[in-house]
Amino acid sequence: MNHSVNDVSSAALRPSPDLLLIDCPDRRGLVHEVTGLVSRHGGNILENHEFVDRETGRFFMRTEFVGVAAPARVEREARELLPAPATVRIGRAGGHRVVVLVTREHHCLGELLLRHLHGELGATIEAVVANRPALGSLVGRFGLPFHLVSHEHRSRDAQEADLLEVLERYQPDYLVLAKYMRILSRGFLERYPGRIINIHHSFLPAFVGSNPYRQAFARGVKIIGATAHFVTPELDEGPIIAQAVVPVDHSHMPSAMAQAGRDVEKLVLARALGLVFEHRVFLNGNRTIVFE
Amino acid sequence: MNHSVNDVSSAALRPSPDLLLIDCPDRRGLVHEVTGLVSRHGGNILENHEFVDRETGRFFMRTEFVGVAAPARVEREARELLPAPATVRIGRAGGHRVVVLVTREHHCLGELLLRHLHGELGATIEAVVANRPALGSLVGRFGLPFHLVSHEHRSRDAQEADLLEVLERYQPDYLVLAKYMRILSRGFLERYPGRIINIHHSFLPAFVGSNPYRQAFARGVKIIGATAHFVTPELDEGPIIAQAVVPVDHSHMPSAMAQAGRDVEKLVLARALGLVFEHRVFLNGNRTIVFE
Amino acid sequence: MNHSVNDVSSAALRPSPDLLLIDCPDRRGLVHEVTGLVSRHGGNILENHEFVDRETGRFFMRTEFVGVAAPARVEREARELLPAPATVRIGRAGGHRVVVLVTREHHCLGELLLRHLHGELGATIEAVVANRPALGSLVGRFGLPFHLVSHEHRSRDAQEADLLEVLERYQPDYLVLAKYMRILSRGFLERYPGRIINIHHSFLPAFVGSNPYRQAFARGVKIIGATAHFVTPELDEGPIIAQAVVPVDHSHMPSAMAQAGRDVEKLVLARALGLVFEHRVFLNGNRTIVFE
Amino acid sequence: MNHSVNDVSSAALRPSPDLLLIDCPDRRGLVHEVTGLVSRHGGNILENHEFVDRETGRFFMRTEFVGVAAPARVEREARELLPAPATVRIGRAGGHRVVVLVTREHHCLGELLLRHLHGELGATIEAVVANRPALGSLVGRFGLPFHLVSHEHRSRDAQEADLLEVLERYQPDYLVLAKYMRILSRGFLERYPGRIINIHHSFLPAFVGSNPYRQAFARGVKIIGATAHFVTPELDEGPIIAQAVVPVDHSHMPSAMAQAGRDVEKLVLARALGLVFEHRVFLNGNRTIVFE
């Protein structure tokens, strides 16, 4: 039973590498040009992923490197080098500012709070915002700010205005909808393009409407899943980041199905956030490219 | 690398136990009454499953027993004993007559033919019927009858009439749609109530319309699944027997997704058939009870 | 995104059913006799599982029932009825007293604390006992007693004596080793026969010795698993309650493998505890019978 | 039910791209240099994977490209360019010559024969060689050569000499041990270094000795797995290519566990072969790098 995980902590001491993140039209020699640029600035590439979407002709690349004194210059030169329209970013894993939105289900929030406490989330939770008071006590145990922005007896516009005001204080890089049970307006979503991540249960077949676990039970599904995705105004469900499933059977009452669903939801959300916070996820139209 | 599977063959030599299969309204003491009935006829119960659907108040039971000289008398007495409306059957695992319907995809048919050849299907394939000629050569390798009932230049009614004529010759207990790509009419389905099993791919989220692998690719799904189900006229997809999934990612072209889908389809179909042929699957409205 | 889980809370309001738990030699008619006994006392059986180990001839049964005024009388009469040597127990899901033993890894403990806080563990955590101080702060956030019983500069006997003294205060029904990294003596284990549950990582193939994640990495395993089991003095690893796995690949550094391992460990442990606390797990020699 | 898989067939019509496969010591700028070399020869890179093993300092790269008139010149120049000791190969997916070795279990062989028949194996099965006659009839159905090289009443050396003589006729690129139940000598294995692939069942925990399914049953494992690996003389089990598992429970008799094991074995073997035949698997000491 006695094992050591020293390798984990020693890994944590290494300086986090720089990341060059590229999304541009494909053309011959791009990998060569980009890696050459990193090399000329003295960089040593630790990990490199690229992918060409042959249908749209877009080129995606994520390069992890160390040893470059001024990564911002790499970014600027890459912009000059690459065919337009290109998105070029320099980043580092971690360091993101996150606000978590919840309603009253605790499982996803609890998972995020525990990982955050132990430095395993890969981001800083600046605050938790809820439209119901139930989870305030849980958040308090972890010493984080909790804001209640109730939706009751108010228009959606009014509630969202208050929500935006709270968010403004924290300047989050990402909003995480950890079972936030309100539909956000198009106007709200457009404030955080590609920066809002949601988790929801998924079924085979899919169910529309309220109480899906009851519907899944009534239909006798054998599998319950969860999908973490970016939220977009255009789609009922935006680009998918991660999915997983668990088996269930006829002896699972709706409540047991819901428990199985909660377990898979929280792990899929945590996994999706880990990928996003390490800049491993690129948006590609309605799809994602995930460089695991 | 050297291991023996003698236990498998010795298990095959034992006489197959009798099965008592019950579906009736629940009332206090049913398990007691039914097991008492089996005991009074000298039966020894090897395995027993029962389930009460608390919502509908239906009671389901599957009892495996040996040592009863006249199982048909157990069946008759159970009918007298149980509250109406009851379905009572005596059965044995295996011994079913099956006709497989296909179009041109080979993966599910190949799986069934191999299992059948080695006595692992749990049923006898009487014939394969196709609406296209492509799979005739594969069926021929296994020495089974192959019938082509083309749908081309014909009305659905005319084609189904010919299909029924062919099926009439074989008196199948079950029809297996192993990637049969024609929609069967309500009239046809009602000839084989609860006796037609289909396999199809499933996605999270679900896709409607043609070329779902292309749609799944366009949407960037991370999981591809398969569902084996009974075919009913009322539902686009009837009561689910078995489901499974495999992970995919953005580097899977539609063709690779299709390969992954084929692999999971054939195993899910084989597994569902094994459950049905051992009388482990009960229909319960739009759901199944699966006594694994 | 808007769904209700009202069914969960309404389910929680129902009175928890009684459980009759039997382990005895098999003989003809046992299911009949036991269900008859429950019926005669006015009980209505909600769920019933039985299993006969054909090799050892042992009979196992778990019966969930409501409506019996004096369940203890059912227990007494069952003892008289059943062939010896029989173990007969009356129980209820939940209500167990648990002490959790930890060292310094937080993932399993955090999972248990969160479930406990929200009433989803199915047992009461009376205290957490550790041989290192690291997790005291986490336990404090949840307002539970934390005891440090250090092993440093002490003999195992001395440390275990102190451990037993602490445990004595809480009279736990079960000890949960949530990454407790000390080997417990035979004498200690015999104080809690069948009542100590451990979680550990599992690999295909298995690795012996220290730092298994490093070994797994060096060997290039593609799957990492976790096993929850009862702890016994006879076996390096006692009867298995639950197992699960997650896929990994060559790009997983030992630290990433360890993270994947932690995620699967905590869910497998929570799942195993749920099964044990609902009395769904029977010991059968070196195996378990799990009535899911 | 009606869907088209036209994309599969159209994909098959494209000319198969060339592959450049590199294994050499890491140094700064390698990706840049290699991609530059491909570009200078007019190549367009479709897919590129590289991986640096930071512990051993080895660099692995797989580059898929089209448009180069003389790929052999790319290979030669890459050899001159790269730091020694380097392995540089030019290849194409598919086209391998394979001999399958079997004993008497049919499930893996059947899977390979079906895929081969439909052009989905990614290699040509030149012949099947067995040490028992049982599978000759199955092979005959698929019209392939079957050779019986019995081990009975003969020394291992004598049997292996005959085996080598048969293999000599077919000049196989790979030997696939599809449940070949003889241990091959070191001398034999050294004739096909990195070119012999085996499949075997895997358990958590692992079992040594005969009849592992019986042992797994006796131990109550909840998961059964399969591992496809290269065969090496040094290790009881060589570098792992692919692994998968399926859940089992206490109601699985050893024969049902064996059936579950067979299902997972055949899919894992087929998947591993697909990876190998597309040159996606690199040997890295006792590990593999798998560029999926």
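The first chain written gets the first letter, and so on, giving A, B, C and D; residue counts start at 1 in each chain.
As a convention for this text, a residue touches a chain if its C-beta (ideal position, glycine included) is under 8 Å from a C-beta of that chain, and two chains touch if they have at least 3 such contacts.
Note that this is a predicted model, so its numbers are computed, not measured.
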{"item": "Chain of greatest Cα-centre distance to chain B", "value": "A"}
{"item": "Between the pairs A-C and B-C, the one where more C-beta pairs touch", "value": "A-C"}
{"item": "Copies chain A and chain D touch via same or different residues, half shared test", "value": "same"}
{"item": "Distance between chain centroids, defined by C-alpha means - chain C, chain D (Å)", "value": "40"}
{"item": "Centre distance in Å when chain B and chain C are each reduced to the mean of their C-alpha atoms", "value": "36"}
{"item": "Approximate Å spacing (C-alpha centroids) for the pair chain A, chain C", "value": "33"}
{"item": "Contacts with 2+ other chains: residues of chain A", "value": "47, 51, 247, 251, 292"}
{"item": "List of chain A residues in touch with chain B within their complex", "value": "51, 202-206, 217-223, 225, 227, 237, 239-240, 242-245, 247, 249-251, 284, 286-290, 292"}
{"item": "Touching residues on chain D, where the partner in the complex is chain A", "value": "28-29, 31-32, 35-36, 39, 44-48, 50-52, 54, 247"}
{"item": "Chain C partner contacts - residues on chain A that touch it in the complex", "value": "1-8, 11-12, 47, 105-107, 110-111, 114, 117-118, 120, 138, 141-142, 177, 180-183, 198, 200-201, 210-214, 251, 253-255, 258-259, 263, 267, 270, 292"}
